[in-house]
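There are two complexes below, and they share chain A, which is joined by chain B in the first and by chain C in the second.
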Partner chain A sequence: MSAIRRRLTRGPAIQSQTIRRGAGETALPYAMVTPLLVFIGVLALYPTVLTAYGAFVHNDALDPPNHFTGFGNFQSVFNDPQVRQSLLNTGLYVIFGVLLSVALGTFFGLLLQRRFRGRGVVLALMVLPWALPGVVEGVIWSWIYDPTFGVLNSTLKTVGAIHNYQLWLGTHQIETIFFISLVQVWQITPLAAILILASLQAIPGELYEAADVDGANGWQSIKRITLPLIRPGLAIAVVEGLVMSINIFDQVYVLNAGASTGSSLMSETYQITFGNLNFGQGYALSLLATVTTIVLSLLAVKLIYRKVEF
Partner chain B sequence: MGALSRPAAPRRAGRRRARWLRGAGIGVLLLWSLFPVYWALNTSLMTNAQAQSSPPSFFPTHFVFSNYEAVFGYGPSSASTAGGVGQALLNSSIESLGATLLTLVIAVVGAYAFARLRFRLRGALFYIVVATLTLPVYATLIPIYTILTKLQLVNTYIGIILVYTSGFLPLAMWIMYNMFQALPASIEEAAAIDGATTLQIFRRIVLPIVRPGMAAAAIITFLFGWGQFIFPLVLGSTNSTEPLTVALSALAGRHVVPYTIINAAAIVAIAVPALIVFFLNRYIVDGIVAGSVK
Partner chain C sequence: MRAKRRFTIAAMAVGALGMGVSAASNASVVKATAAASSIRGQTINVAIAYPAPKAELAKFTAQTGVKVNWNYIQWDSLQTKIAAAAEAHSYFADVADVDWSKVGEYYATKWFLPLNSYFPLSGVKAQYPQAASFIRNGKLLGMPMDASLLVTTVNEKDFKAAGIKQDPTTLAQYEADLKAVAAKTSVKHPLDIPLAAAEGLSTYWYEMTAAFGGQVLSSTYKPQFTSPSSPGYKALAWMVNAYKTGLVPKANLNMQDYQALETDQAHNLTASVFSDYSGDVGTIYNVPAQSKVVGQVNYIPTPGLHGVAPNLGNPDGIGIPAQAKHVAAAVAFIRWMEQPANQAAFAGANGAADVISTFPLPANRGGLADLVKSGKVPGAATLAALLEHHSRAIFPAGAPPWYAQFSNAVYTNIHSAAAGAESVSAAISAIASTVKGLAG
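Let's turn to the complex of A and B:
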């Protein structure tokens, strides 16, 4: 997102690249951007305005009519213990999701930093989980987590890590969230790895040679050269992880099966809106989540992002 | 002599150790990335009894294809799935391809205008389009449902394609914008001096050059479309437009369908994106990088 801002403030540079147009072509640029603007206006901006407005309107299919209610919807959702639980759960999804995906992504990025035979193939295989539908991943992992026939239980028992087969999902709150989050981490880690790899490859090799000459060991060069210089990549990976984990739904829908143990903000919003048909409360939660997503993303960029010059 | 060669020996040993460590790391990476998919494939080729054996068999012993037959509505166990997966595969394909085509055309044309042409309000309009990149699903989900219900576009391909397109446009536009920005303007300037119109320059010169960028944007859009879940879940209440994601979650949620069949259906849902990753992964990496860093 910072990249976006940077791009926008670079107005004059863009200006100089624009090409000269012949006479009678003044309408052309508008014609070219109109379809884009119509789509975004009608199906992104207008709905967002409706969400912001709907959050302040009492809109319950079981209790008509609709009327303005101020912060009434917010009060009712915050008084709902199920919503409070889902907010707490979402906080945990964010912590697990961001930390694990960025840590694993950095590790994978470092592994792929230098050229070696077969690197292209490894990169392709690493991308696979990112490209698969989250729902399908939830289904695949639910078989891995199966309490009676799951490969996780049988493997852990074989190596002696557990004595009895475990119910990984649905009993303990933190455990349930961890194992559902792991499925999302599996999906988004390739994205983090690619973003971090892109900034790793921008680091000039001479820096490492110089460190090598000065007698630095591998860990020292990672700590002193690599980590400070990949901050832009890390920032974007953190933001992507944040947005994905605040929005976690598909994996929860499949693996949590409607229980409140692992419910997320999104699954709770879905339940309140399309299950209880209380659209007003659904709008209130949606607005809350939208604002939180945007504020946290901006904050993360501000904290981590620092322009790197070589 | 001996004193001089001493530093070299530990360094060579260190390199060997580093190579060994990286090999082990790559092993972990591959196991983590591939095992869940392999496990689904393995299970989908077993009978139910084999899948429930303990300890589980890590390789399919007889390659049973009856689960795939059941998924597509053939064979004795097909009753449990009602053969909905075939229709869902068709729905996923129509919706993802339709959204990809529409998104690509609109995004490429719009991105070129923003990247290269000068017009009033360009900065403000561009900012609005890019800002929608930050909107999460929450912002639009419920209103889109009410809007589409009013327009009677619920349970239609058109409705789903329009919604997907609006969601994927900002990213596709941003990817293409960055691709256009990376082109040197001198070619276009030369053509303009030779008297070519803007449209001629765009169609004859620019589009052929950015074909790889368009492939990247198209592939990423298609994969997003294929993976969509909450929008089609909300926007469809019948099997007629249900994509594979919704059909599979319904299948798994019924708790009576054997896991061997569910895994076969999961492999069907995975097959298309997996083939894309194996054969076109270069474009995916380029697209992700163009869509985020820069």
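Let's turn to the complex of A and C:
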């Protein structure tokens, strides 16, 4: 129990101060969160409600009029082989994106926990990929992956890992998805690392000292102390990875255009909505993405998150 | 007005909004006939996929008193914004891009106002070589803003280095010349085809099909490419084979059109683009800051099966969205954009000052004549001749309303065939199946 909490539960003077604050300033917290609630309501909840409604309406600009269609839009999109392919691809984006970003985030978080010269600069630089727009990242990585003069080919050839320059994107589905995923992992890993680093820094040093006294080695300390105590950070990092991977679009669009080898749920939603002008089916896919994101995120939080108190 | 809205509150809101829009459109049409003085002081929003010619625009404002907010938006993003605004029945711009490929769509959706009452069809047809692309069932849905053709460009220096003395006039000769360039020069993959699954690949196939002596869809939108002896089939097989045999750089599998032109052709990684865009010599290859082939690339008449092939048109137009607020001012702006002297200036007749970057050619004959007369744009006379004598619309009946879905099937399947994920015949079957599903 923290010192502050101990103090709050002890002295009567402090208790009465707490009661007075509650009576006098009850409205203040609500007033302070109201702008945020209005903001979320207008920009997130209202469009979500409209999308949910639109998902059950036949709304095809080339085939009016609009009318209620029940689950008709969902049926149509699930019967579309391109949509099914994009759903499968998105599943792979999620697996690669979440696993790699969380694993690398944990690794870099552990590295950054140690004090070393230039740590502040490294932390600042780490945020850079996260701050870059997805399109810019796609362009940068298209140069890295270029089969004629890309740095990936040149490096691998120099170290003898390949004999000839390779085409990394567009020929094989899993390979294409893996290399597009890497771009997104590059983008989201810094945030995962910072979230995990924040959790790591909250762990009291006494715990490691006690483990040391008890004869625990490095791995045992990580397994028995670090990993259980960074679960809140891990949960948020997993949710972040899920949200970004389910909604991957920019990197797919720049690196693989409309090819089915790497199409994602969002790229297919874009094509159906703004190419085919079938807004009803577009809403249905958007709703599907939203619900999937919420369900998987809640599941991840339930499985990973544990309240940690020191 | 769309009928049968069964869902109470939201549906009534949409209906009321729709009626409001309809009334506003009618009122706008009436307003447009008012005297020019009534537009003075108005501000219009223009959304176009070209950067603004600022000096010229200032002259328009001085002449008319209309202030123009010119929003330069990338083509893909612009189409998304037009569709989103139309779906929401909300105001987006007073003047917006009308691409040739969208005309069928806009005719079906009524997202743009017909311009017949401002620009009589007879005059438009007489003055604009590519006017047909913007007319559907007698309705003029956009005014041609530029003239644009799919043309063939070659790097003359590379061709000469390979011992080629005359430009190829047939496809067989063209292929033999490309192989000679690959064998005798440092350009080992001389043909530039953007094979990424994107629109530029579709138009490449249309032009290649025209070179093989055919078209992809009939005037009733029936597939014309299913037989192995058809031009469309041969064209697709030729493109895939060119990639697989190394005539095309390996990296092109994931390159979109301008990415390929700027990376390959402008940097001498390739020596020819069979289906290039008119204007690219001046706006890409001869720009020292972005090109290593300045003065080396020229337009040639496109080689066909038995001689010179047609050049398909892919012009951009401008139109007035149904939700426009200032129709009269928008019409005045379009008239100004269409003036031959301005059209020629946008294409570079007055030098760099008034030019619109990447603007291919003037849309009307007056502007074309002024441009050729100026002598300031390389290849302008060749392009003007191609436009007058070899230009043809991609679809004889105009772009179908479902063009975007058709093109999506075209580029995804050609890309797959080039990547080796499916055969040429499977790609052809998939495209034909899409057309049958869409056209009925």
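Just so it is clear, the second predicted complex is superposed on the first by the 267 of 310 C-alpha atoms of A that agree within 3 Å, B and C clash if a C-alpha of one lies under 4 Å from a C-alpha of the other, contacts with A are read in each partner's own complex, and residues count from 1 in each chain.
What we mean here is this: a contact is a pair of C-beta atoms (placed from the backbone, for glycine too) under 8 Å apart; a residue touches a chain by one contact, two chains touch by 3 or more.
Quick caveat, the model's predicted, so the values are computed rather than measured.
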Is A:N66 touching the first partner chain B, the second partner chain C, both, or neither of them? second
Item to check | Partner chain in contact with A:A103 - chain B first, chain C second, else both or neither | outcome: neither
Discussion item. Once chain A of both complexes is superposed, is A:S142 in touch with chain B (first), chain C (second), both, or neither?
Written reply: both
Touch test for A:L167: chain B only (first), chain C only (second), both, or neither? second
Looking at A:L277 after the superposition, I want to know if it touches chain B, chain C, both of them or none. Which is it: first, second, both, neither? second
Under the stated touch criterion, which partner chain does A:V127 make contact with: chain B (first), chain C (second), both, or neither?
first
Legend entry - Touched partner set for A:A44, first chain B, second chain C, both or neither: first
Notebook entry, point to check: Does the superposition put A:M266 against chain B (first), chain C (second), both, or neither?
Noted result: first
Based on the superposed arrangement, let me know which partner A:A210 touches: chain B (first), chain C (second), both, or neither?
-> neither
Of chain B and chain C, the partner touching more residues of chain A is B
Contacts of chain A common to chain B and chain C in the A-superposed view 50, 142, 146, 148, 257, 270, 273-274, 279
Interface with chain A, chain B side, in the complex: residues 14, 18, 22, 25-26, 29-30, 32-34, 36-37, 39-40, 43, 51-52, 54-56, 106-107, 109-110, 112-119, 122-123, 125-130, 132-147, 162-163, 165-167, 169-170, 173-174, 181, 185, 188-189, 192, 197-199, 201, 223, 226-230, 234, 244-246, 248-249, 252-253, 259, 262-263, 266, 269-270, 273-274, 276-278, 281, 284-285, 288-289, 292-294
Chain C contacts chain A in the complex at 2-7, 10, 79-80, 83-84, 86-87, 105, 108-109, 111, 196-198, 249-251, 253-254, 256, 269, 401-402, 404-405, 408, 411-412, 415-416, 419-421
The residues of chain A that touch chain C in their complex are 50, 53, 57, 59, 61-62, 64-68, 82, 142, 146-148, 165, 167, 169-171, 255-261, 270-271, 273-277, 279
The answer for chain A against chain B in the complex is residues 1, 3-4, 7-8, 11, 14-15, 17-22, 25-26, 28-30, 32-33, 35-37, 39-40, 42-48, 50-51, 54, 104, 107-108, 111, 116, 122-129, 131-144, 146, 148-149, 151, 154, 158, 186, 190-191, 194-195, 198-199, 217-218, 232-233, 236, 240, 243, 246-247, 249-250, 253-254, 257, 266, 269-270, 273-274, 279, 282-283, 285-287, 289-290, 293-294, 297
